[in-house]
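A, B, C, D and E are the chain letters, set down in written order, and residue numbers restart from 1 in every chain.
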């Protein structure tokens, strides 16, 4: 999984019906191994399954595992927010 | 998922029959975390499942989830356009 | 999927029996978003399922979808050539 | 699989129930092909299935295989620590 | 698939039991599209299913297809050596 920050939202009316009812959030990956400010990031879109909001630090599952969070194996999503991070401790030694 | 822009089309007559009937569009990934102009992008090909056209901003699902959009688990596609983006709001704080 | 160019062939006698009968081609990814000449590329190996030859521009499916092209879910391949590209149109605006 | 070093821990109370009971560790990839110090790394999060602790060198499985370690195909995890490395020998010729 | 060179071995006593009996080899990806010497590589770990040894040039399958080589869908591996390369011909035009 990766940690990310919710940076925004996306809306799409013309879409696969199986996606109806899902909230799509734009997520910036956070990597505690870098100087964040100087490292451009590829934002991606995740379906929200944790009630996340703009600015929240979230835990994102990607790939085939993402669908298991939405509990519908036919939903065409490859990234899902599965949790809102309370705290994270990272040492840099 | 990722957001992309449809940049073109691809045709292939000699192909796996299971791909027959699909439209193949060339997509440029868009990442709201970068200065787009200065970041070269790896374009890729996606099967269209939302009626997208050249220039449209689209939502693309990749990996094993892509096949669930085409509703045929045997179709050898690893990227599918699942929606046409109405709007996207991204903050950069 | 991605577009690639067939750059060569690979032979392996000592291999998983389930791979027997497959042709392995070396593929260079082509990304219409870059100045090709100046961008080094990671070549990879794909099983051929379209009758491709050296120099052909091909359409490649990767990941779990690749096996669906070979129509044998037990074949350990993660990249398959699923088509030979007739033409591709890409705008750069 | 990849080799990594456990750099920290992550806690998330508001999360997918199917993740309950799992320990989430922050992992820095280690690549014996680089001068580690000068190569920034994208840390990621893995569920622990080997009893790993901070500072341990671990073996991590990612993608759909990760769920098979947790022996529950419905758990939305895409990275699992499957072993604690005793030793690793790498030549650089 | 990718071509790699076996650079070493890894041992882990405390690991998922489903991994017991597997040999873990450290692999350096080889990409015929680069000047190898000047391109740092992320080494990774693959389970050996071809009887490979240190220094061998090997064919590696990654992702969900890897498990199909080990013929046990429950083994948590995401990379398997499926063959030892006899020869590879790559043109650079």
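Note that contacts are C-beta pairs under 8 Å (C-beta built on N, C-alpha and C of every residue); 3 or more make two chains touch, one makes a residue touch a chain.
Note that the coordinates shown come from a computational prediction; the quantities given were computed from them, not determined experimentally.
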Item to complete: Round to the nearest whole Å and give the separation of the Cα centres of subunit A and subunit B.
Response: 19
Fill in: Length of the line joining the C-alpha centres of subunit A and subunit E, rounded to whole Å
30
Item to complete: Would you please write down the residue numbers of subunit B that are in contact with two or more other chains?
Response: 63-64, 66
Response to the item:
Among line, ring, star, complete and other, the chain touch graph is ring
Worksheet item: Ring chains in order, subunit A leading off, subunit B next?
Response: A, B, C, E, D
Response to the item:
In the complex, the residues of subunit B that touch subunit A are 1-3, 29, 31-35, 39, 49-51, 59, 61-66, 68-69, 71, 80, 82-92
Discussion item. Taking the touch rule as given, give the residues of subunit B at its contact with subunit C in the complex, in rising order.
Written reply: 7-16, 18-19, 24, 26, 28, 40-47, 54, 63-64, 66-67, 73-79
